[in-house]
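Shared between the two complexes below is chain A, which pairs with chain B and chain C, respectively.
Moving on to the complex of A and B:
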């Protein structure tokens, strides 16, 4: 039972070839580029969306933080497109892989921390001690703040992995429950079907939100450190 | 849990790195955002020269092609 439930999350291989490579690269195919001034509808819509997201995310940063806008934009587009494509049946979602999320979270978080330490050393170190703490609590609080700093990339990666994996698992389970109830009681089937439809809508929202949250947190860490 | 099977971690990470850092960024860099064309404002030259007391028609734009 355990083996069958988690098999959608194994990295796919086709005749021992790692087909995970083209699967990860696939969402980039859905974003056409064009050098024309006036484009077709698809490209215009995509460019308008990117511009909307760009303005929304980067307006809180100062000049130094805005140098990260290309990185954060490509991050949110990549995660959102990968999550959305994962909602199709029998597809493989690369963001369920802890490896990939760790490889995304750790370098970005480390980049923000190192930027902060290089350019605003005193102020970034000052984050370890909130203002107005009583003197006896200072050692414990510095330890706690250090731990919470180092847990940030782990939390980023595990949050994305767990949310997408749990959503996919839930859809899988409720879908098979719907099928199993079909022969038993039609009322229960229709109720479960409604549940499945609502869950799918939720998953679409979650796909978007997780991308947003990931990028927002990275940008927040950036804001602290620039 | 198959996500913890570290034998596939290398290929996954290696596939993600060019997808995210190379191809996505190149696609976003190749989007052009142009300003909508607007009319250029042609302002007439005003008499702010203190040695010219009278505005004459030599101050109209394009009436004196600059031959030098």
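Moving on to the complex of A and C:
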């Protein structure tokens, strides 16, 4: 029981070859592109969704911030599609690995901070001290603000990892509990089954929301710094 | 002169099975069973050949199910079903131990 609880999170291997990279690249197969203005039904649906998300996310930024639209749109589509594919049975979700989330979070956060320091040095350094603090508190507050700045990428990565991993684990546990209760008591089985169905719906929402939150926070850090 | 009078019929006389297609260029369903080993050995197994085979397979599926005017959900669902099967095959080694048996 203990060993097979975490085997969905191990590196998938095919004949002892790690097959992680094709699995990470698999969502690209599901997102077709087109060079025409008017497309078939599937591509039009997808393009309309992307435009909806684009308008929602990038309207708060100024011109300089909107140069990041391609990056942020790719980010949210990648995270959302990877999370959704992880809800299929037996699949491996790349966003459960902390290494990958850190690799996404740290460069993006560092990019926003360095942009802010390069172009608006005074104003981005001024973020370290909130307005109207009493004078004796200033040293302590600067230290606290610095720590809170450096914790941002860690929080981004760990939030995504923990949410998706916890969701998958919970579904696994409640699923095996339902199976085990089948022979003991039918009422308990049906109750756990209802719980499982609701959890699956929650997981679908979480998949989307986590992608949204990740991208939103990166865009907020960007907004502060442009 | 006879060619002009006959018109398209002359084409019908010359496209006889005496001009046969070489084994290398036949499609799989047209290869006879005895020729199968030689057909397999004559395929292009270089990296660019394998890449070309993947590309042809991808575009064959794409143009049949996705790139149509009113694509339906079945085009994507088939891909996802194959993905689930693929992942099952990969994790079979771990799943073997989760069967409901008395002795594993």
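Please note the rule applied: the second predicted complex is superposed on the first by the 224 of 226 C-alpha atoms of A that agree within 3 Å, B and C clash if a C-alpha of one lies under 4 Å from a C-alpha of the other, contacts with A are read in each partner's own complex, and residues count from 1 in each chain.
Please note the rule applied: a contact is a pair of C-beta atoms (placed from the backbone, for glycine too) under 8 Å apart; a residue touches a chain by one contact, two chains touch by 3 or more.
All values derive from a computational prediction rather than experimental measurement.
Student: Look at where chain B and chain C land on chain A after superposing the complexes, then choose clash or fit.
Tutor: Aligned on chain A, chain C fits beside chain B.
Student: Taking the superposition on A as described, I'd like to know which of chain B and chain C A:77 touches: first, second, both or neither.
Tutor: first
Student: Of chain B and chain C, which one contacts the greater number of residues in chain A?
Tutor: Counting residues of chain A touched by each partner, the higher count goes to B.
Student: Under the stated touch criterion, which partner chain does A:161 make contact with: chain B (first), chain C (second), both, or neither?
Tutor: The first partner, chain B, only.
Student: Once the two structures are placed together by chain A, how many degrees is the angle at chain A between chain B and chain C, based on Cα centres and rounded to a multiple of 10?
Tutor: The vertex angle at chain A equals 70 degrees.
Student: Considering only touches as defined above, state whether A:92 meets chain B (first), chain C (second), both or neither.
Tutor: Second partner only, chain C.
Student: In the overlay, answer first, second, both or neither for which of chain B and chain C A:7 touches.
Tutor: Both partners.
Student: For A:133, decide between first (touching chain B), second (touching chain C), both and neither.
Tutor: Neither chain B nor chain C is touched by A:133.
Student: Does the superposition put A:41 against chain B (first), chain C (second), both, or neither?
Tutor: After superposing on A, A:41 lies in contact with chain C but is clear of chain B.
Student: Scan A:185 for contacts with chain B and chain C and give back first, second, both or neither.
Tutor: neither
Student: Looking at the superposed set of three chains, what is the minimum CA distance between chain B and chain C in Å?
Tutor: Least C-alpha distance after superposition: 15 Å.
Student: Residue overlap on chain A between the chain B contact set and the chain C contact set?
Tutor: In chain A, positions 7, 10 sit in both the chain B and chain C interfaces.
Student: For chain A, which residues count as touching chain C in their complex?
Tutor: 4, 7-8, 10, 12-14, 19, 26, 29-30, 32, 40-42, 85, 88-92
Student: Can you check the complex and tell me which residues of chain A touch chain B?
Tutor: 6-7, 9-11, 18, 20-21, 24-25, 27-28, 31, 33-35, 37, 47, 50-51, 70-71, 73-75, 77-78, 94, 96-100, 103-104, 161, 165
Student: Can you list the residues on chain C that touch chain A in the complex?
Tutor: 62, 66-71, 75-76, 79-80, 83-84, 87-91, 94-95, 97-98
Student: Please output the residues of chain B touching chain A within their complex, sorted ascending.
Tutor: 1-6, 8-9, 11-13, 15-21, 23-25, 27-34
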